[in-house]
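Each in structure tokens, the structures are laid out below.
Heads up, the next two complexes both have subunit A, just with different partners, subunit B and then subunit C.
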Partner chain A sequence: MASLTIKNAVKRYGNVEVLKGVSIDLRDGEFLVLLGASGCGKSTLLNMIAGLEDLTEGEIMIGDRVVNDVHPKDRDIAMVFQSYALYPTMTVGQNIAFGLEMRGVPKAERALRVEQVAKTLRMDHLLDRKPAQLSGGQRQRVAMGRALVRDPEVFLFDEPLSNLDAKLRLEMRTEIKRLHKRLNATMVYVTHDQIEALTLADRIAILKDGEVQQLASPAEIYEHPANMFVAGLVGSPPMNFLDITVEAGEAGPAAWVTLRADGADKPVLLDLSAHTARLDGYVGRKVVMGLRPEMISQGTTDAGQCVQCEIDVTEATGADTLCVLNWNNQEVLARGTSGYTKILEGTMDFTIETERACLFDPESGLRLD
Partner chain B sequence: MSDAARYSAPRPWSALILRVLLWFVLIVFAIWFLLPAYVVVGTSLKDLDEIRGGSLLALPHELNFSAWRHAWSEACIGVECTGLKPYFWNSVSMALPGVVVSTLLGALTGYALTKWKFKGANLVFALILFGCFVPFQVVILPMAQTLGKIGITNTVYGLILVHSVYGLAFTTLFFRNYYVTIPDELVRAATIDGAGFFTIFHRIILPLSPPIIVVSVIWQFTQIWNDFLFGASFTTGGAQPITVAMNNLVNTTTGVKQYNVDMAAALITAAPTLLVYIFAGRYFVRGLTAGSVKG
Partner chain C sequence: MLTRPPVKFIDRIARALPQIVVAPGFAAILYFVYGFIIWTGYISLTKSKMLPNYTLIGTRPYERLFQMDRWSVAIENLFIFGFLFVFVSVIVGCLLAVLLDQKIRAEGFIRTIYLYPMAISFIITGTAWKWIMNPSLGLEKVIRDWGWESFRFGWTVDNNLAIYALVMAAVWQASGFAMALFLSALRSVDQDIIKAASLDGASPWRIYLRIILPSMRPVFMSAMVILSHLAIKSFDLVVALTGGGPGYASTLPANFMYEMTFRRNEIAVGAASAMVMLATVAAIMVPYLYSELRGKKHV
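Up next is the complex of A and B:
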């Protein structure tokens, strides 16, 4: 186990800057997820940690050792690849043992450790098979076994679940989480799946265009996204963004919002007094209000402001029923009821928790703090 | 018309006529191509009297292998009456190392060009590829000088070197195109596992290569065995490969032209490549179209 420090990592290919000075500090045993769309530089960063690519500038430290010029095999890392990268001509057992063999571990000890790992991952009956004879999930397991057997300081995962079907992905996700809990090892995990990021990570680093947008715990990222990009990326269904103009209300700042499709109804004045300090100096200016679907819930509660909205379409997912509302020709997702307990149609009461809303500056996209 | 109706309906006459025509054309062409082969084999099994007396197309009276024996161990090539035997072994001892060396080197270059990409790797590949299109005649003079400098003119080793160098362009092309289909992640995984350039090559890449190795071996063996120009240019007398010796055998005539011996010599010369095709031909096609990693 070891900490991992990335200091101002820059990667340039010719004139193209893929990473623009990324700094991340990982404590021993922490699970970091690098989240971002394809081309954001997350895989490049992972490859740099692994030593498969050189840094243009900056420094990477594993423990208190600078590893910039250390060969991948001497960094004491293990990596699980998206395609699993199992050696096709070797059996599962040989695949798992290969890393140990290259490090000159005696044969008897190799066999013992392979057996232990195979037991842990419940695949001891597969050791004599070739990768081509395995299912996707089993291959994934072998890839994990190959990393586990080495007992490295840092585990690196490059989108390890993206080739699996939905059910298996869920299973393996839990497995990885369990593994981290048991080994308590430092792990870096690259994904474009925000649910994976939220469920697995101790901390998430969100990357866009080679820059870290936010580095924080999943709760922090979900509740207090640093900017509109992060807010839109994380959360499913995604956050609703409304352009509003801040007015000076009686109790503090407020904003007029039209809750009907045609705009014919009289707009409703949303109370934003909980954000008084935040909106200081914004009265009369435009801001973007971010409301997660669960902040607009069907029914009247005293958690927020109660309004009447017309339901356009409902989408029942089983556990939850989502309502698509149409506010002044903008689709807004709201959470209806849980389960199928109630028929949702027509105009109904909704409670908007304006207190939990996120407010962003429309120009910079940054969250107002 | 539905499929069921089409298949169950009786064939109309026109279809039958077309079918007969098709078979007729195919059979005519088959005869056209097989006739020379038949004449060569047939003549090699006749004795001279029979050749003179009978028709070219007549079947031999008996299976008479004396012409084969003569061509193999008695016929005169120039002033040496040793038959093709020593030259056959010359060709074997030239072709086998030539095939092995050029295939191994081609695999190694192909591997380096795809899995350890360096700056200008594609340019290097393009230049190597260019070697495929350089005609043999162009390199004869510089090659003769080179062989002279190294001191292996007129030896089998000289020919091995020439064929290895010349074959490298083709074998590199084969292996490079095959290795492009092997995922780079395999090499990355092995690198992290602690394997180096050569370990990855022989533990991971080579075990994946049999289909393309077969292609390279067949191709190179055929090229080297059938080569006449390099053999004729760089060797004389006892060091000549069988193709050159056969030519000399046919040209060395004292008195009567021994057609049966000439034919037998031609068949002996062609036999190894024919056999390679008969036994490994299907792997050749398979290897050319095979991908490397399943699943």
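Up next is the complex of A and C:
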């Protein structure tokens, strides 16, 4: 196993700059997830690590070896493709053994290692089938087996679960997590599914238009997003953004929010005194307040400021019920009680945890710190 | 109570339209292909000479056919020609396709050049190659004029080599077509598979040999079927290039059939040779089609 260092990687296709100086540092055995919307350069970066694309500028190191000019096969990397890329004319066994065969591993040892891997992935009964005779999940497993059998320094996954149905995706996600724990290998995993990113990663790198927006642990990314893009991308349902104007209140900064309650608009002064230091110099200016749905909970507690407001619509998702509220003529999602037990309607009490709110500069989109 | 609305005449026509459109073609095929196959089969059992004669004489025309040296030469030639033509065309086409697949410049231009021969009729190919291979005005003369006095290239006038001259011209004509077929198949291979193989440590030629070419098996099959039927049909090439000669050394069964039926007043023998050809083709094609169509179901 080895560490992986990407220094200021730039990729240009003609005039188009697809990656604009990406720097990422991976510890030995770390699980990094690259998260971003379609077309932001995730696959390009992965292909560059694998050596399937050249860097325009910058450097990639595996361990303490610069691999810019090293052929893909000599980088000791295994990759699982989104399309699985199984060799259609070979059986599962031959598919898994192909990499070993090309590296001149003797036949007896090949058979032994294929068998071991097949056992780990619980597919020993599939070894004689052709890829066309497998289900999506089984193909996915073969693709993993092909990577595992080589025992490489670094594993790369390019959206390996995106072709599977929801249930299987969940299963395979757990399997990958388990695998990482057992092998303790360095892994880079590309996805555009934020749940996958949050559950799998040691650290997440969020990419947008070829630039890293934030590189941090899932908790950090969730609790302290670096900017509005990250805040909006991570979390489901997404974070609410409220445009507010900061005023000087009695205890510190505060802001007026118009809530709808009992059929009338009612202005309420939200106390932002927990953010006094952060809002220094922002009095009289506009900022964006980011509130996750679970920061607006139903009922009166002493976790934050209590307000009364009218529920517009409720959406029961099973685990919990989401309430759509109307603040400042914007839709705001709140997390209501769990389960279907209570019907929520009319005007009710809500507690807003203003302390945990994120505040962003509306121009730069950066979080105020 | 609901009464069913009467089906309008126009609706009925619309519903039957597919059948109506296909029917004339179907009838024509039934009559001109299968009808004439039956007619030929019948004639091959009669004592027809210059004109069709419907008196049955059993299998005597077939016996005569197989006693003729000209026929055994034609059959032997068909096997040599068909085998070499199909395999050389496939191999040359495949090599060209792999070379063109290396992302070279001016690919479209080169592809067009290779593909053009297919657009020419066999008559023209035959005539052109006849001139090229003519000892006194073609390649042989040119090279001798350059100073290589002992150079010989008289394939078309050599009893044993004439059939290979046919192979050469036919390969020249058809390999570009095979190349186009293979090239499109090469291009449709999933790029991720190639990437995966190169990560697995396979060199480019190994990737071709072990992964890409095996996955093109259906295309190889199609190419072989198309080329085989070209081989069996190559009547015009023989007429234009060697005229079946010298003597009858480069006759193919189709030329034999034409010769017997229309020149030598042996219609029954001609018909018998046509039936033998049909049986040969069927023996090759039917198992192939059967396995292909069956194979489709569980892929």
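As a working rule, the second predicted complex is superposed on the first by the 365 of 369 C-alpha atoms of A that agree within 3 Å, B and C clash if a C-alpha of one lies under 4 Å from a C-alpha of the other, contacts with A are read in each partner's own complex, and residues count from 1 in each chain.
The definition used in the following text is that contacts are C-beta pairs under 8 Å (C-beta built on N, C-alpha and C of every residue); 3 or more make two chains touch, one makes a residue touch a chain.
Computed from a prediction, not measured in an experiment: that's the story for all the values here.
For the composite obtained by superposing both complexes on subunit A, the positions of subunit B and subunit C are in clash. In the superposition on chain A, A:A85 makes contact with both subunit B and subunit C. Within the superposed three-chain model, A:R285 lies out of touch with both subunit B and subunit C [touch as defined at top]. By the touch criterion stated above, A:K73 is placed in contact with subunit B and with subunit C alike. Once chain A of one complex is fitted onto chain A of the other, the partner contacts of A:L52 extend to both subunit B and subunit C.
Residue contacts after overlaying the shared chain place A:P131 against subunit B, while subunit C stays out of touching range.
In the superposition on chain A, A:R65 makes contact with neither subunit B nor subunit C. In the superposed model, A:M102 makes contact with both subunit B and subunit C.
Counting contacts by the rule stated earlier, residues 50, 52, 72-73, 77-79, 81-83, 85, 87-89, 98-99, 102-103, 132, 146 of subunit A appear in both its interface with subunit B and its interface with subunit C.
Within the complex formed with subunit A, the residues of subunit B that make contact are 183, 185-186, 188-195, 199, 203-204, 207-208, 292-295. For subunit A in complex with subunit B, the touching residues are 50-52, 72-73, 77-79, 81-83, 85, 87-89, 98-99, 102-103, 131-132, 139, 146. The residues of subunit C lying in touch with subunit A in their complex are 190, 192-193, 195-202, 206, 210-211, 214-215, 217, 299. Contacts from subunit A toward subunit C in the complex involve residues 47, 50, 52, 72-73, 77-79, 81-90, 98-99, 102-103, 132, 146, 150.
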